[in-house]
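In the two complexes that follow, chain A is the common piece, with chain B as its partner first and chain C second.
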Partner chain A sequence: MDSTTSELPTRTPLRATASNGLKIVVVGGFGVGKTTMVRAVSEIRPLSTEEVMTQAGATVDVNNGAYAKTTTTVAFDFGRISLDEQMVLYLFGAPGQERFWFLWDSLFAGTLGAVVLVDTRRLADSWYAIDRLEHHGTPFIVARNNFEPPVHDLSAVRGALDLSPDVPLIDCDARNRDSAKQVLITLVNHLYALSTARENTP
Partner chain B sequence: MSRRLLDDEDPDRLYTVTGGRSRTDAIALDLVTLIVSESEPAPGMQSEHVRILRMCRRPVAVVEISAELAMPVSVVKILLADLLDTGRVSARHPVSGAAGSSLPSGDFLRKVLVGLHNL
Partner chain C sequence: MNATNANPEWLLENLVSITPGARHALVLSKDGLKLYHTASLSEDKADHLAAIGAGVQALSHGASMEFGDGTGGIRNSMTEFHGGILFIVEAGAGAHLAVIAAEDADVGLVGHNMDELVEQIGPFLSTGPRFAGSRQP
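Our next item is the complex of A and B:
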């Protein structure tokens, strides 16, 4: 899955002036290329960490004696991009499986937006993620990752995903830095359009 | 510590690290809140606190500290809340430029776009 060969440093410190962390989440099924995309644009080698939660969905209470029996772990990867002197964008690769969404509010509240990364051979994997993002009111775009040349045209994909015409849908190659960068730009352009439309509404 | 904490299912250690506490004020820390050390480690400090203070001489996001310590985010937040209380670290909270609505302003997003185009 990780086909890039460039060696990124693990611990490059941020600028001393860095003051504002931003979040964008890449959601997708197993093996769709989330980490590959994060790696393609990140200034550090992607790191991974985890969060624990109780089955009820709250984050862990370590005072709870039944800790080990009632918790589940969700792991996710991330990389980062220093945008300017102050702003640092953190890019998270997150699994779209059901238990992950219990953690959305505690981990990803305040996320600028999301990229749903899809694999046309397994489109059904994305339905749940799209449904959850709509439920959480998180703006998103859909990017089809083409590790191999695509078989279907994008309008067929839009139909199969039952995607609203307002949601951008693009092709990408998650291994390619420029392509991954273009995915992020498409997302932020989409956010910009949504934001200015709202600002211009009396 | 090289083993992943949760791989060896050791809740006792988590309990020890946090002194058995859960803290609701720790929740105010975001994954991308940037932490900066305001002092050097002092003798007798808990080893996790020492590592955090050394790591954060330059700003480091909560999620990076979590990855570096190989500890769950919620546990790291509790450790950080202790250090914040005693003024040993400061926190730079994320500002999205969102006013009233959940979407950031056009001005804010333009800055993000400039940064992305410069990649």
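Our next item is the complex of A and C:
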């Protein structure tokens, strides 16, 4: 498994026409690819708080399946991407391990929507993320990150996560800029659809 | 002092006892887990402080990369909050030393004593990477 991004994002300055800033969080279990995704799509140098995993964590941070993982996020990732002339997404990647969960509630403040990244080898790791988002009432989509070719179909994943039918569930490769961008576009479309539906409800 | 016989927990207790205002001391791994701490911290509090310390230092590293000389090097972090002060300095490889002190503690003295401890026994306050060849990202 190679967790480096497929291409180096260009470092573009923020456009003068940018008028809509949306705060988005990327959440999910330990080692699912959150940092990789923020790095893949960010147009600025991403703030990364990765540290080498030490021997102290050998029995705590068990990365079943994520063999090549040697570093882990200890605060949060930050990146930015412009979707069009006006819309700019500010991306915050949450840390995955339980000992950093106390940070999540502050990260979620002011968030318009979230991406839950899941790895089907460790699906249970994403339950906490989904639970917190439902608790906060934050709209979200679920993206299955395929570091390796998927073995289940998406409806099985939907069933296993007990997702409601109106939560979008898509496939992605967090290392690939276009694929990760597609995930964000899906989220923005979902947010737009939700707000339109709200406006049309008397 | 004979550093080869150094007992990290005893040295942390000593640091707290010779530093007026210091309450707790903890050595944490850079990925946010406790290594050694004073008996004043419960296991739960030590776990929490270890995660906080790693996060603060990692964000400070980000500040250094973006606004410092570009090497990402950090010396120390200090946070004054209502009811106390948190100090963190780099200890040995892969580790940080954190101290919680009272609000009115002499910050110069706390910092000095922490630096002195790291100078004396820094190499013992460390933890190696889990996987050979792991490199700083």
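FYI, the second predicted complex is superposed on the first by the 135 of 202 C-alpha atoms of A that agree within 3 Å, B and C clash if a C-alpha of one lies under 4 Å from a C-alpha of the other, contacts with A are read in each partner's own complex, and residues count from 1 in each chain.
Simple rule for what comes next: a residue touches a chain if its C-beta (ideal position, glycine included) is under 8 Å from a C-beta of that chain, and two chains touch if they have at least 3 such contacts.
Values in this document were obtained by computation on a predicted structure and should not be read as measured data.
Asker: Chain B or chain C: which reaches more residues on chain A?
Answerer: B
Asker: Looking at A:99 after the superposition, I want to know if it touches chain B, chain C, both of them or none. Which is it: first, second, both, neither?
Answerer: So A:99 only meets chain C here.
Asker: Once the shared chain is lined up, is A:51 touching chain B (first), chain C (second), both, or neither of them?
Answerer: Both: A:51 reaches chain B and chain C.
Asker: Taking the superposition on A as described, I'd like to know which of chain B and chain C A:72 touches: first, second, both or neither.
Answerer: A:72 contacts chain C only, not chain B.
Asker: State which residues of chain A lie in both footprints, the one left by chain B and the one left by chain C.
Answerer: Residues 47-52, 60-61, which sit in both footprints.
Asker: Flag every residue of chain A that touches chain B in the complex, lowest number first.
Answerer: 11, 13-16, 18-23, 41, 47-52, 59-64, 67-68, 73, 78, 80-84, 87-90, 92, 106-110, 112, 137, 139, 177, 181, 184-185, 188-189, 191-192, 194-196, 198-199
Asker: Under the stated contact criterion, what part of chain A meets chain C in this complex?
Answerer: 45, 47-58, 60-61, 70-72, 74-75, 95, 97, 99-100, 102-103
Asker: Show me the residue ranges of chain C that touch chain A in the complex, using the header's touch definition.
Answerer: Residues in contact with chain A: 29-35, 47-48, 50-51, 54-56, 58-59, 61-62, 66, 94-95, 127-131, 133-137.
Asker: Considering the complex alone, what residue numbers of chain B touch chain A?
Answerer: Per the touch definition, chain B meets chain A at residues 6, 9, 11, 14-15, 18, 20-22, 27, 30-34, 57-61, 63-64, 66-68, 70, 72-75, 78, 92, 94-96, 101-106, 109-119.
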